[in-house]
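Listed after this line are the structures, all set down as structure tokens.
The same chain A turns up in both complexes below, where it pairs with chain B and then with chain C.
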Partner chain A sequence: MERETLDVDVLVVGGGPAGLAAAYRLARLNAEQGGEPLMVAVLEKARAAGAHMLSGAVLDPSALTDLMPDWKSRGAPLDVPVRDDRIYFLTARRALPFPVTPPPLRNHGHYVVSLNRLAKWLAEQVEAAGVDVFTGFAGTELLYEGDRVVGVRTGDRGLDRHGERKGTFEPGVDIRARVTVLADGVRGNLTKTLIRRFGLDAGRSPQSYAIGIKELWDVDPDRLPAGSVIHTMGHPLRHEEFGGGFIYALPEGRLSVGFVAGLDYRDPLFDPHVAFQRFKRHPLVSNLLAGGQMVRYGAKALPEGGWHALPRCHADGALIAGDAAGFLNSMRLKGIHLAMRSGMHAADAAFRAVREGDVSGARLSEYARLVEEGPIRRELYPVRNVHQSFAGGLLAGLLYSGMSLVTGGWWFRDPMPSHAGHERTRTVKRYFGGGVPPEPPGVPIDRALTFDRLTNVHYSGTRHDEDQPSHLLVADTDICRTRCIEEYANPCTRFCPANVYEIVDADAGAGKRLQINASNCVHCKTCDIMDPYQIIDWVPPEGGGGPSYEGM
Partner chain B sequence: MKTAVCIKQVVTRDWPLRPAESATWVRDDDASFEMNEPDAYALEEALRLKERHGGEVVVCSAGPARISQVIREALARGADRAIHVESDALSAAGADAVAAALAAAMQDESFDLVLTGLQSDDQGFGQTGVVLAERLGLPHATIIMEVDIAADGAGLRVKRELESGWFQWVAMPLPALLTIQSGINQLRYATLRGIMAAKRKEIRTVPLDGVASQGQRILELYVPEKTSATRFIDGSAPEAARELVRLLREEARVL
Partner chain C sequence: MTLVIAEQRGGVLNPATWETLAAAQQMNAPVTAAVVGARVQDTAAELAAADVAEVLAVEHEALEPYTPDGFVAALAQVVEATGPERVLFPHTYQTRDHAPALAARLGRVLIPDCIGSKDRDGQRVFVRPMFQGKFVADVLPEGPAPHFASFQIGAYRADACVRGAAAATVREVAVQLDAAAIRQRPEAPFKEAKQAVDLTQAERIVAVGRGIKGQEHLPLAQELAKVLDAELAASRPICDSGWLPMDRQIGSSGQTVAPKLYLAVGISGAIQHLVGMKGARTIVAVNKDADAPIFEVADYGIVGDLFEVVPAIVAALDGD
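Let's turn to the complex of A and B:
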């Protein structure tokens, strides 16, 4: 069967804020600079634009305003200005308000948004500007000529669970591009292979990550005025764990309630989903949610490493933008504006490179210069060691963060040393000193305030064709049932927020085995990041599969 | 041959449903939508007939602006053009209102063949196609599993699905209307070229003529009350088994 091909000038992989900002910028440059317009296309693995978008989210509109000064008249879904910022330190029973809101968390002039709606709207603007947005197509491999990236191959469609062709088989498409902008999100599957092939992270700090788990709730509209923003630290996390909770109020009693936990915890029995449930049971939160209804659920990893963890973001024929590179300010808890800004810089560099007929990495390094000289470095450099400082615990992190506001981020060792999160997880034996581990803090599931993973997944709208090859490739499942079960007690069953990984009885009393419920996957990438043996490889399922994050 | 396919946009299967304030429909302001499944099979059948017999495939749909999502999807899969009867009043309309709206817009097109899905995944009356046939003055056949058009194009034979694994072949004249059963064929994927070509295809938007028909109204929509409850029986296995037998005999009265 013949493989479809398509030639474009710039291919953007990923229809999130970074990719869509890049595409829109390219369309604007086409219109402003005249001449033969560049052909631009966007690939998005979700069935519909925005369907895999999940964030808090409080939006700093600075990048959007630069991208599209008339966003208001174009009906951008920025309806809720932040009216009130509060931060609490939680103990098990009490909520202690911070006397003042630290400057990085002041959100005056920002908006409480749904990233799903923002991306959906942005995709409409991009299409109206003449760019093709192909939803339902996942990029599965980069195309090379020598060492130059020349495009992307999309996944085959219509394969059964054994990888055999079904009657509907449709081979993947080769989209050839002069420049490929990789905006494939946190731990993007294509970016991962590009970084490995060229060692783009050489000499950089390892990227560190967190997992964000979020629910949308409908509660009594009088409970919390729209535009209220609440952040918490402390309970249910211990001193050694990084993270915190958030509650953002949208109109008509809709609340965004979420919890972020660093994927660099030591305790192998730590469970981010349980931590989220415990957070909701804290009186500060449970009083807000009482009598309400959970209406959506989702989870997504986020890059926390900051400035020092950014890889080199250009190669021959390719650029990396947004969360795929790690443009996120963990001190301000914001990344959307930086993702958009990086997409705009990538577009500028790509446009000029294509126009001049030189798409080498050297020419595309203009992108790095734009990042260095523009608002991204101005924002990220001073907080470059913040996330790393939390490795010493909450107190050390807070002290350093406070100090960095005065010192501009200086530290005795810069970059502050750090390790990949999965290397910090200790074995059960080491963490608990060889004794029997205590029962981890559980949480009663009442399906009113607290939910089990399976119920939650139902509210993520996740759907995959069941008859397709598993998209979670575990290199050696023997490790799961022999080594991991002993050493780490199979942490995949806890860090996966969607019940994808289960350890079940093997047939005929042959011990245990790993069962992968791939169709539950919400594409958060946590397993690819956090598995202690690094044997899980997340690859895209058939295009169109995944969650449906309407309103998230 | 000029074929019309009527499609409907419905809330995605497995979407967590909640009744709206009005209690006459579900809250769909933040829902995810997709093409009604039997309609997707009807579209595929129309495309296959076009591949065999030539002609044109026209997608017809009635509903608010958001249904352009499924119209564009149908064009991307290969339909040639579309007619969109646009009105917010049709967003949760019944079969009667939808058929009336479609008939008014389709009347002058003189289609040789009209295909609809057997029923909708949301309301499931299975009547839109049938009422539409009456309004257009066409003969119809329902629950179609195979379509065989005569070589001279004068008529067709269709295979209807009956109960218990029985089928029935019916000979009909053209023009005609058929309601298509899911599974009649295998659905194709939209291709990149199809998606690009769809942008240039015509979508003729027509307003609803008059008010939506009120021949049929949903009076109340509610979530069924849970009547079954799980009960755990304590005790050792023999004791629990005895208690289970007693409950099945005395309370459930099934033994």
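Let's turn to the complex of A and C:
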């Protein structure tokens, strides 16, 4: 069967804030600079624009205002200004308010938003500006000529679970581009291969990640005024675990309730989903949610490594933007504005490179210069060691973070040394010093306040065609049932927030085996990040599959 | 007047028609049934048993075999000749094929896949599920009558259709069809899978879940299905493991069913499964975990080991 090809000047992979900002900027440059307009296209794996977007979220509108000064009159969904910021330290029963809100967490002038609505609206603006947004198509591999990236191949459709062609088979399309902007999100599957091929992370700190799990709740509208922002530290996490909870109030009694846990925990039995349930059972949260209804669920990993963990973001014919690169300020708990800003810089560099007919990495390194000289470095450099300092525990992290506000982030060793999160997970034997590990803190599931993973997944609206090859490639499932079960007690069954991984009895009583429920996957990427043997490879399922976030 | 379009194939009435008639009878308006095909006298007579004002037999050679063009042309004439307030269909594959085209031809609204209807200040409101059954929406049709709606299979009970004291009159309705204007030429019907099964039509279903443990235990469930004269179905893990074909999967990624009896064996009752079977009239669950959510929807629950309970049921039924 003939494979179709499409030629464009700039291809943006990923319809999130970074990719859409890049596309919009390119459309504006086309309009402002005159001449033959560049042809621009956006690939998005979700069936509808924004359907895979999930964030807290509190938006710093600075980048949006620079991208589109008239966002207000264009009906941007920034309806709820932050009215009130509170931080609590939680003990098992009590909530101790911080006397003052630290400057990085002050959100005056910011907005409580739904990222998935924001992305949907942004995609409409991009399409109205003349850019094609191809939803339902995932980029599955980069196309190269020599060492130059020349585009992306999209996934085949209509393969059955054994990889055989069904009646509906359609081969993927080759989209050839002079510059490819990879905005494929946290742990993006294409960015991952590009970084590996060219060693773009050489000499950089390893990227560290966290997982965010979130629910939308409908509660009595008088519970919490819209625009209220609450962050918590402490319970249910221990001193050694990084993370915390958030509650953002939207209008009409809708609450965005979530929990972020660092994917660098030592305890192999730690379970982020259980931690989230325990967070909801804390009186501070359960009192807000009492009598309410959980209406939506989702999860997504986020890059926390900051400035020192950014890879080189340019190669011949390619640029990396947004969460794919790691443009996120973990001290301010914000990344959307940096994602957009990086997309705008990438667009500027790509536009000039295409116009001048030189798309080499050297020419595209203008992107790095724009990042260095612009607001991104100004914001990220002073907090470059903050996330790493939490490796020493909560107290060390807080002390260093406070100090960095004065010192500009200086430390004796800069970059502060760090490890990839999955390397920090200890074996059961080592963590518990031999013997039988204590029963981890469980949580009663009442399906009113607390939910099991499978029920939660239902509320993510996740759909995949069941009859397709698994998109979670486990290189060696023997490791799961022989080594991992002994060494780490199969942490995939805990860190996956969507019940994708299960250890079940093998047929005919032959021990255990790994069961992969790929159709439950919410595309959070945690397994690809956190598996201790690094044998799980997340690749895109057939285009259009995945969660269907609405209002997240 | 409410016009109900019956569905027949080869002279056999689709039982979902009775459900739609039941829906129509609750709308406080006279009901007329129409059946369309080349030879429909027998099915029309069968329909006349229902408590309806009359039955329209719409016959034309060009209506056999079924084509969407033929049915749209014929039904458009029937609707225009009878002037109903609304036209109701059972939500079958055939309805999905031609009802949207019919509504578009006449420039009227179609509300598909409804599960109920109600009167609100003299206006007929239709109730339909959204978001995989998570929400239900009340839909008020706008624009001139007639309004078109289709009813989900299992939303009403066939035996809720009120029978008339005497058989209703059957009236033949002539339609003008130009065989040359029918653009489709159907091939002989075939079923893709060898034993493709339409679980939505099954009156009794035995469904197995992970509690069955291994493929080698499936004959136990098959035996139970046999003595109950039931279809065998399964939850996702069973079909995912390839123990049963995917067309027997019940739930959000499989089929939605509403049989008279649903016997869930070793199924915990994840919400993904429940949305596919909670419309069953009687649900019986066998599970060894007393806290399994299946018991929240079950009418009868047996907490026990299915490997003891199922053989006991089989033995009891076999003894009849």
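FYI, the second predicted complex is superposed on the first by the 552 of 552 C-alpha atoms of A that agree within 3 Å, B and C clash if a C-alpha of one lies under 4 Å from a C-alpha of the other, contacts with A are read in each partner's own complex, and residues count from 1 in each chain.
The rule is simple: contacts are C-beta pairs under 8 Å (C-beta built on N, C-alpha and C of every residue); 3 or more make two chains touch, one makes a residue touch a chain.
Everything numeric in this text was worked out from a predicted model, so none of it was measured.
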{"item": "Joint occupancy of chain A by chain B and chain C, clash or fit", "value": "clash"}
{"item": "Touched partner set for A:Arg463, first chain B, second chain C, both or neither", "value": "both"}
{"item": "Touched partner set for A:Asp505, first chain B, second chain C, both or neither", "value": "second"}
{"item": "First, second, both or neither for A:Asn517, with chain B first and chain C second", "value": "second"}
{"item": "Which partner, chain B or chain C, touches more chain A residues", "value": "B"}
{"item": "Partner chain in contact with A:Pro206 - chain B first, chain C second, else both or neither", "value": "neither"}
{"item": "First (chain B), second (chain C), both or neither touched by A:Pro37", "value": "neither"}
{"item": "Touched partner set for A:Leu454, first chain B, second chain C, both or neither", "value": "second"}
{"item": "When the two complexes are fitted on chain A, the stretch of chain C hitting chain B, from 26-34, 62-70 or 188-196", "value": "62-70"}
{"item": "Chain A residues contacted in one complex by chain B, in the other by chain C", "value": "458-459, 461, 463"}
{"item": "Contacting residues of chain A [partner chain C, same complex]", "value": "447, 454-455, 457-459, 461, 463, 466-467, 504-505, 507-508, 515, 517, 519"}
{"item": "Complex contact set, residues of chain A against chain B", "value": "4, 6, 47-48, 51, 132, 134, 136-137, 157-158, 166-168, 170, 173, 175, 293, 295, 458-459, 461, 463, 548, 550-551"}
{"item": "For the chain C and chain A complex, residues of the former touching the latter", "value": "131-132, 134, 210, 213-216, 236-237, 239-240, 246, 249, 252-253, 270-272, 275, 293"}
{"item": "In the complex with chain A, residue positions of chain B that touch it", "value": "12-16, 18, 30-32, 34, 69, 186-193, 195-196, 199"}
